[in-house]
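Across the two complexes that follow, subunit A remains constant while its partner is subunit B and subsequently subunit C.
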Partner chain A sequence: MFKTKREPLFHLVKRIDVSKKYAWAVRIGAFLLSILVCAAISALLTDKSIGFFFKYLFNGTFGTKRTIWNLFHETAILLLVSIAVTPCFKMKFWNIGGEGQILMGALGCSVALVFMGGKSSDGATIVVSLILAFAFGIAWAVIPAFFKARWNTNETLLTLMMNYIAICLVNFFIKSVASSSTGTLTFEAGFIKPLGGNQYILFVIVAVVLTVLMWVYLKYSKHGYELTVVGESENTSRYVGINNKLVIIRTLILCGALCGLIGFLLVSGVNHSLGDATVEGRGFTGLLISWLAHFNPLAMGLTSFLFVFIDNGASQVSNYARLGASYPKVMTGIFFFFIIATEFFINYRIVFKKKKARNITDNADTISGEAQPIKEEIGIDKGYTKENITEEIVKERV
Partner chain B sequence: MKCLYLAFISKVQTIYNTLLCIFNYVSIIRTQWICLVIKVGEMYINAIKMVGVTKTFGSVIANKDVNINIRKGEILAILGENGSGKTSLMNMLAGIYFPDDGKIFVNGEEAIIKSPMDAYKYKIGMIHQHFKLVDLFTAGDNIILGEEAPDFDIKAKKTFLKEERINIKNNKWKKFLIDVKIVSLPLGKLVAKLKFNWLSRDREKVVQAVADKYGFEIDLSKKIYDMSVSEKQTVEIIKVLYRGADILILDEPTAVLTPQEIEKLFVVLRGMRDNGKSIIIITHKLNEVMAISDRVSVLRKGELIATVDTKDTDEKRLTEMMVGERIELNIERTTPKNVKKRLSIHGLTCRNREGLYALNNISFSVNSGEILGIAGISGSGQRELLESIAGLQKIELGVIQYDDPKTEKIVDLRAKTPNQIKELGVRLSFVPEDRLGMGLVGNMDLTDNMMLRSYSKGHSIFLDRKSPTELAQTIVKDLEVVTPNMKTPVRRLSGGNVQKILVGREIASAPTVIMAAYPVRGLDINSSYTIYNLMNKQKENGVAVIFVGEDLDVLLALSDRIMVICSGKVSGIVDARNTTKEKLGMLMTSIPEEIEVFSEPIIEN
Partner chain C sequence: MKKKLIVLLLVVALVSLLAVSVVGCKEKDEFKIGLICLHDENSTYDKNFIDALKATQAKYGLTDEQVLIVTGVPEGDACYQEAAKLADAGCDIIFADSFGHESYMIKAAKEYPDVQFCHATGTKAHTEDLPNYANAFANIYEGRYLAGVAAGMKLNEMIADEEITPAEAKMGYVGAWTYAEVISGYTSFYLGAKSVCPTVTMDVTFTGSWYDETAERNSAIDLIENRDCVLISQHADSWGAPNACEERDIPNVSYNGSTESACPDTFIISSRIDWSPYYEYVIEQVQAGNPVAHDWVGTLENGGVKLTDLGAIAPAEGTAAKIADEKAKLIAGTLKVYDTSTFTVSLANNPFKVENVDITLADGVVTSYHADVDDYGDYAGETEVIVGGVFQESVFRSAPYFDLTIDGITLLNSRT
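Then we have the complex of A and B:
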C-alpha cells in the first residue's frame, strides 16, 4: 500500500480572471527586480559598488543630450522591428525571419545606391531605393507565406533558414561589387537628408506614426479582425468564409513591406553602409519585444524602451568598469529572464500548505463525535447515508 | 528426583499441548468468525470517502464542501447538470486535480492523491470521456503502456542472501555461489528490467485473462485506429482493470454508444460490481441512472444535494434535485405548416482524409416548416454531410439544390464556398458540432464573436462594432446567457451559454435553413430545452431545420422525420411519430435490405 501522508508543500492553481492592472503591476515589479539583481551581480563580481552601477546606468541613458537621443533612436528602431512582425504573430504565423527580411530591404536599398548613388539626383535615388527595399523585403516574407498557404510547410523553420540565405546574398553582393572590401560596403551619396539637421528624429517620428497605425489596423480594421480569426482557429475562419491563404499572404506582404522600410531607413538614414551585421540581431530582439507586449503595439513602446534602457545603460557601465562587450548581453539576459518568468506568476497562483489543516477524520460521521474503535478500525459505515449530518458536524468542527 | 521432575515436565507438556490444541481450535473458529464479520463489514466499507472536498478555479467554485462515499461492490451514479462539478470532483480522485480543501479516504485510510500514478497505487482507475489511447498501437500495447516494473529491491535481497550465507556451514562452494549472487545483484536488476520492457511479451495473455474474467470481447492485436468507439472504451476499461483497479470511475461512458452497446456495457458493469469492484458512473441521463446504479449522488452547482438509494427514487424526483425546480419534460411538437421542398440532395458522395468514403450516395430532401432529425452513431458521416451542404467539404459526386422561397428558382449549392453561398442569397445557418473550434472563437468576446458572420458587410475598411454589440446584448437578454460581462472571452463561459450564443447568432441572420450538429451535447436540461424551443420556433416560422442528435428520445420527440445514417449511407428515413427507439437503434447499426424512405408531408388530425 502506498503510504504518503504528507500533503504536498504547495500546489499550483491557474488563475482564471487575471486583471490587466495586476498583470502590468507584476511586470513592472519584475523589471525593477531585474535591475536590482543586475546591480547586485555587478557589485558582487567587480570591486565597484551598487551606486556605481546605478550612476552609470543612468549616465549612459539620460546623462547627456547625445545619450538621450541615442536612447530614443535605438528604441524607435527596435519598436519598428517589433511592429513589423506583430501582424504575423497575431495570426499565429511564427515569422522569425524579421532579421533576414530587414537585411533584404537593406540590400535592395544598397543595390539602388550602388548603381545610382552620385550618378542621378538624390531624389530619384531615394525613390528607387525605397521601391527596391520594399520589393526585396516583401519577396523574402512572401516566399514562406506562399509555401505555408499552398503546402502548409512549417513557417518557423522556413523563415529562420531564409535569414541565412539573406546573409549569404548580402555577402555575395558586397564581394561582387567591391572585391577588396572588408565585409562592409560604404556609400557616398543618395541618402535621405537628416530631418531638421538631426539624424535621429526621422526614426522616432516613423516609429510613432507606424505604431499608432498598426494599433488601429489590428484593432479596428476588417483586415486586423480577419487575421486574428485566422490565428485563433483556421476552422472558424473557413466556416465564416475567410480565405485563409489570401489572409496569410496579405499579412506577410505587409510584414515584408515594413521590414523593407526598416532596411531602407537603416542604410539610407543612419548607417550609410551595408554589411551582414547591419541589423545587429534586432530582428530577433524585436520578436521578444512583441511577445512581451502581448502583441499590443502601444505596449511594445514601453517594452522596447525598457530593453534599450538596460542595454545602453549597461554598455556605459561596462565601459567605465572595463567589463567587456558581453556585459550588456548578460544584463539584458537577466532582464528577459525576469520578465518571462513573471508570466508564470501572472497565470498561476501558488497555494501553500495550510498550517492549520481542518481536523477531519474518517469517523466524522459518528454523530456523537465519540470515537468508536471497532468502526474506526475497519471503517464500517452505518449502512445508510448521513451526508447532511456529516456536513453539520464538519461545520461544527471548523 | 530427576525422574519425578521429568514426569512432571511431560505431564505439563501434555496438558500444555491439549490446551494449545483447544486454543488453536478456538482461535481458528475465532478467525473464521472474525473473517465473517469483516466480510459482512466489507460490504459497508467505504472504498472511497470524500469529506468536505472543495475545489476552486479562480473565482469559479467547482466543488464546495462535498461529502461522498462509495462502498465496496456497488455502483454509485453521480448525477448533475453540466458545470455542476461532477467531472472535477472525480478528477480529484483520479489525481488530475488536487483539492483545495477537504480529505479523501481510500479504504478507511487517508489518501493524498497527487498524480494519476498515485491514483493507480490506491487502485483507482478513471475512464475519461475523451479516450486517452495511442492510435497507432494495438489494444494490448495500449493496455500495458506505462505499467511500471515490479520493484527490485537490491538491499533487501542482499541482507536476505547474507543471512543465508551465515546459516550455511562447511560448504565453501555454496558460500561462493551466494557471494557471486550478491555481487551480481545489480546485473539481476538490469535483467529484470530488460525482461520487463522487451522480453516478456506474453503479458498479452495476462491481459486476455483479465478480459475473459469480466466477459469482454476484444481482439488485443487490433490497432486503435481500426476500432469503433465502443471498442476503444472497452480497451480503456480493461486497461484500468489490468492495473488492478478496485474503484472504477467512468465519465459519461454512454455518450458515444448505441442503445445496444449501452446494454452490453451495463451487463459488464454489473458483473464487475458482483466481483466486488466499486464503480462510479458520471452521467446526466436519468434512465441510465435508474437502470444501472445502486445509489445516486446528485450534485448541483458544485454542491452535494443528496445521496439516495436508486430503488427509493424515480426520475422525476431526481430531476427536481438536479435542477432545483420541477420542470416539464415534454417537448411540444406542432404539425408542420406550409411544407415546401427547401433543400434536395441526390447521390452525395465524399471521401475523408484517409480516402475512405465518409458519405456514400446519400439522397434526401429537407422541407420548410419541419424538423428533420438525423440519427446515427457518432462518426457515421453526420459532420461531413452538414459540412458539404455548408460548402466546407469537397464533394466527389452528387447534387445539392436549394429552392429559393423568394425567387422560386433552384440554386445549385454544389462545390460552392461559404462566401459564394452567401452571395447567392442563400440564408443558410450552421451550428457546428465543434462550438469553440469552429462556430466561435474562444479567445474573443461576445461582440467579436457576433461579428464573425456580419463583419464583412459594407465597403468600409473599418469594423462596425455597433450592431454586433446590440445583437450580443439582445442574445444575452433573450436567451438568459450568464456572463460576467460583455468583454469576457467566450471560452470562459459554460458549455450551455456558449451554445446559446452560437445558436442565437445563427438564428439572428433570419435563415431559411438551419443545420445544427449535436446542439445539446453536454448541455444541462434547462439549456437543452431552450435550444429545443428555439428550434421549434424556427420551424413554426417556416425554416427548414436539420437537427443532428444523439439522444434518441429527444429526436423522437422533437423531429417530424428522422433520417438514420449508418457508416456514410442512409439506412432509412422514418416518420418520427410512428417509430420506436429500438427500430432507430437497429437502423443505426445495420442497413436493411429495403430502405424505407418516408417523405410525405405530415398531416395530423
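Then we have the complex of A and C:
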C-alpha cells in the first residue's frame, strides 16, 4: 500500500522579519477590535445598546475637562510605574515587586509626614519625605538584587513575596502611629502644592520627562547597553568585561528610586493618605504595560493611555448602566486578551493547506534553492525592493 | 490593502460615534443623586445602600440617569475623583458609604459648595461644620438588642428542653474588626439576650476583614466546636458564619438581611439598616432648600432600623410577641439598651482605659465615661457620654462610639 502523509489544514510559520509598521498596524487593529468586542458583549449581556456603550465610553474619558485631565493623570501614573520596572525587565531580571517597592516609597513618605507634617515647614517635610521615599523604595528593590547577585536566588519569587511584606509593614506602621484607626492613615499638612493650581499636571510632566530620559538611558547610554547585554547573556557580558553584579544592583537601585518617587507622589501629591491599597494594583498592571510595549518607553505611553481609556470609559458605562464593580475589569481583561493574542499573529503566520500540485512545486522550490521561501517570509509581497530587504532585516535584527 | 481598509473603516466608525456621543452629551438641568460604594452588590453592606437607593428612586419616579451609582471605589483619591465627576455630571446630592471615604468627601464638599455631600458611618461632619457635608448612621444597636432578645428566648427554650444547663448558655459572635461599630453591635446583642436569659455569656472573635467568607466560616466553626457556643451571631458581610451554623444545626442570628434562603433550619432573625428614610430626608431637605443636619440617625421609629421576619423553624415560641413588646418600649423610650444598671465593667478587660480619666466605676457600674466623639485624629476621649444613667450612644454624633468590653463577654482576639 502506498501510505500518504496527510498535511494538516494549516501550520504556523515563524516570521523572521516583522516590519514595525505591520506590527503596529496589527496592534492598533487589535485595540479597535477589542473595543468593538467590548461593545458587542456589553450590548448582548445588558439591556443597553451599543450606542449607549460608546456614548459613555467617551463621556467617561473625554466628557468633561475633569475626565480628560483624569485620563492623562491616570495614564501618567501607570506610565511611570511601567517606566520604573522596565530597566529590570530589559536585564531579564523579573522584578514583579513594583507594587511593594512603590508601597514602601509611600511608607517612607508617610513616616516623614507623620513626624514632621504640620510641625516643620512644608518645604522641609517635602524634602525629607522624598529622601525617605527614595531610601525605602531603593531598599525594597536592592534586597532581591543583592540576593540575586550574591547567591543567584530566584528574583521572581523574592520580589513577589516582598510585596506582601511591604503590605504588612504598612499595616504595622498605621497600627503603631494610630492605634484605633480603620486601616487608612490620613495626613493634614506637608504636601507638595498642585502646580499652578492644577492637581493633575505634576504627574503628567514627571511622566513625560522620565519617559524621555529612560528612553535615552536605555538606548544611548553605556548603562543601558550594559544591562541589555547582561539580560541577553551573562557569560557574554562577563567576557566583554561587564561587572554583572554591579549592573544588577545598579539597575535595581534605579528601579527602586523610581518606585520610591511614585510612592512619594501618590501620598504627597494625590492621596494625602496611606493604606495598604494606596498603589491600587498599578504595580502589577505596570508590568503588563511594560511587557506589551516590548520595553520601549515611548510605546508604553500609548499602551498605558489605551488601558486607562478603556478602564475609565468602562467605569462610566458601568455607573450609568449599573453593571457593578467587576465590569471595567472584564473590559480591560478583553483589551489585554486581544493585545496579547496580537503578539502571536505578529510573530507567526498561519499557512493554510495548499493544493497538492502546488505543494510539490513548493517543495521542489524549497529543495532547489532557499530563495523562494525566504523571499516570502521576508515579505517581498509587502513591496520591499531587493535593496531595502537587507536593510530591513539588519534593522530588525539589530 | 484589505487590512488597511478595515482599520480605516473602524477608525471612521469610532470617530463618528465619538462625534455622536459628544453631541448627545448636553447637560440637562434636572435633579440628580449620586452614590459612591466601596464594593458592589456582592457585599451585603453595599447592597443595603444600593437597594435602598433603588427603592427611593422608584418612590420619587426618578430615571436611571438621575440616580448614578458608582461601585468599587477605593478609599483613596479615587473617591474624591468620583465625587467630583458626579458633581460635574450635575448631581445635587452625593452619598458615600464607606468609612475611609470621609476625608475625600470633605475635600469634594469644599470644592463644590452647591452640592450636598452625605457620608454614612463618618465622624467629622459636626467638627468640620461645613453647610453641605453631613454624616449619618443608624441606632442599629436597638435592632441588635431586639435580635439579642430573640437569641435569649432561643437559649431559654434550649434550657427548658434540657439540651443545655443555664451555665452552658454561651453565644459566639464573629466580628469583623475591633471597632466601636462592631463593639457597640455585639454588646447590644448580648444585652438583649441577657435581658431574657440572665446566665448567658458570649465569646467574640474577629476576622480582620469586612468580607472574608473562609475566615468567617472557620471562626464560627471554632466557636461551635472548641468554645462550646450553642448560638452564633455575626457582624461581617459574607454568608460564611450562617452557612457553617446551618451545617452544624446551630441557631444563628444574622445581620444586614435574612439568610433564611440558605439556612432555613437555623435562621432566627436578622437586623439591618434601611437607608431609604435617610435618602428621603436628604432629598426633601435639599429640594426645599433647607440645610441637612450634620448628624442623622436612623431609628426603629423613623424606619432606619429594621428587623427581618423571623425564621420559620428555629425561633422559640412567643418570640414575635416578645420582640413587639420590647420594640414598643424602645420606641417609647421607657427601655434603654445601654442602661448602665444592666451591665458591669471591669478595668482588667479594658486595658486602654485610664481609671478616673476615661472611665469612672462604682462597683463595676459605669458612672462616667469620656468617649472620642470629636474626631481630630487624637484618639482621646473628650465628651461625657453617661447622662442619666444611660450610655448615650449615637447622640453626640451619628457614628457609634461605645467601645467598652463589658463583663460576660470574652474577646478571644483583637483586630484593629
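Simple rule for what comes next: the second predicted complex is superposed on the first by the 348 of 398 C-alpha atoms of A that agree within 3 Å, B and C clash if a C-alpha of one lies under 4 Å from a C-alpha of the other, contacts with A are read in each partner's own complex, and residues count from 1 in each chain.
The rule we apply is simple: a residue touches a chain if its C-beta (ideal position, glycine included) is under 8 Å from a C-beta of that chain, and two chains touch if they have at least 3 such contacts.
Being a predicted model, the structure only gives us computed values, none of them experimental.
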{"item": "Partner chain in contact with A:G51 - subunit B first, subunit C second, else both or neither", "value": "second"}
{"item": "Partner chain(s) touched by A:S221 [first = subunit B, second = subunit C, both, neither]", "value": "first"}
{"item": "Contacts of A:V351 with subunit B and subunit C, given as first, second, both or neither", "value": "first"}
{"item": "Touching partner for A:V229 - first (subunit B), second (subunit C), both, neither", "value": "first"}
{"item": "Which superposed partner A:W151 touches (first subunit B, second subunit C, both, neither)", "value": "neither"}
{"item": "Intersection of the subunit A residues that touch subunit B with those that touch subunit C", "value": "none"}
{"item": "Of all residues in subunit C, those that touch subunit A in their complex", "value": "3-4, 6-7, 10-11, 14, 17-18, 20-22, 24-25, 37, 39-42, 64-65, 68-72, 74-78, 81, 84-85, 88-89, 99-100, 103, 177, 179, 352, 372, 377, 379, 403, 416"}
{"item": "Residues of subunit B that touch subunit A when the two form their complex", "value": "38, 41-42, 44-46, 49, 51-52, 56-60, 65, 67-69, 71, 98, 100-103, 105, 107-112, 114, 118, 121-122, 295, 304, 306-308, 390, 392, 417-419, 422, 430, 432, 434, 437-444, 448, 451-453, 455-456, 460-463, 484, 492"}
{"item": "Residues of subunit A defined as touching subunit C within the complex", "value": "25, 28-29, 32-33, 35-36, 51, 54-59, 62-64, 66-67, 70, 175, 178-184, 186, 188, 270-273, 275, 277-278, 280, 315, 318-322, 324-326, 328"}
{"item": "Residues of subunit A that touch subunit B when the two form their complex", "value": "1-2, 4-8, 11, 13-17, 220-223, 225-226, 228-229, 232-233, 235-236, 238-241, 243, 351, 358, 360, 362, 364, 376, 378-383, 385, 387-388, 390-391, 394"}
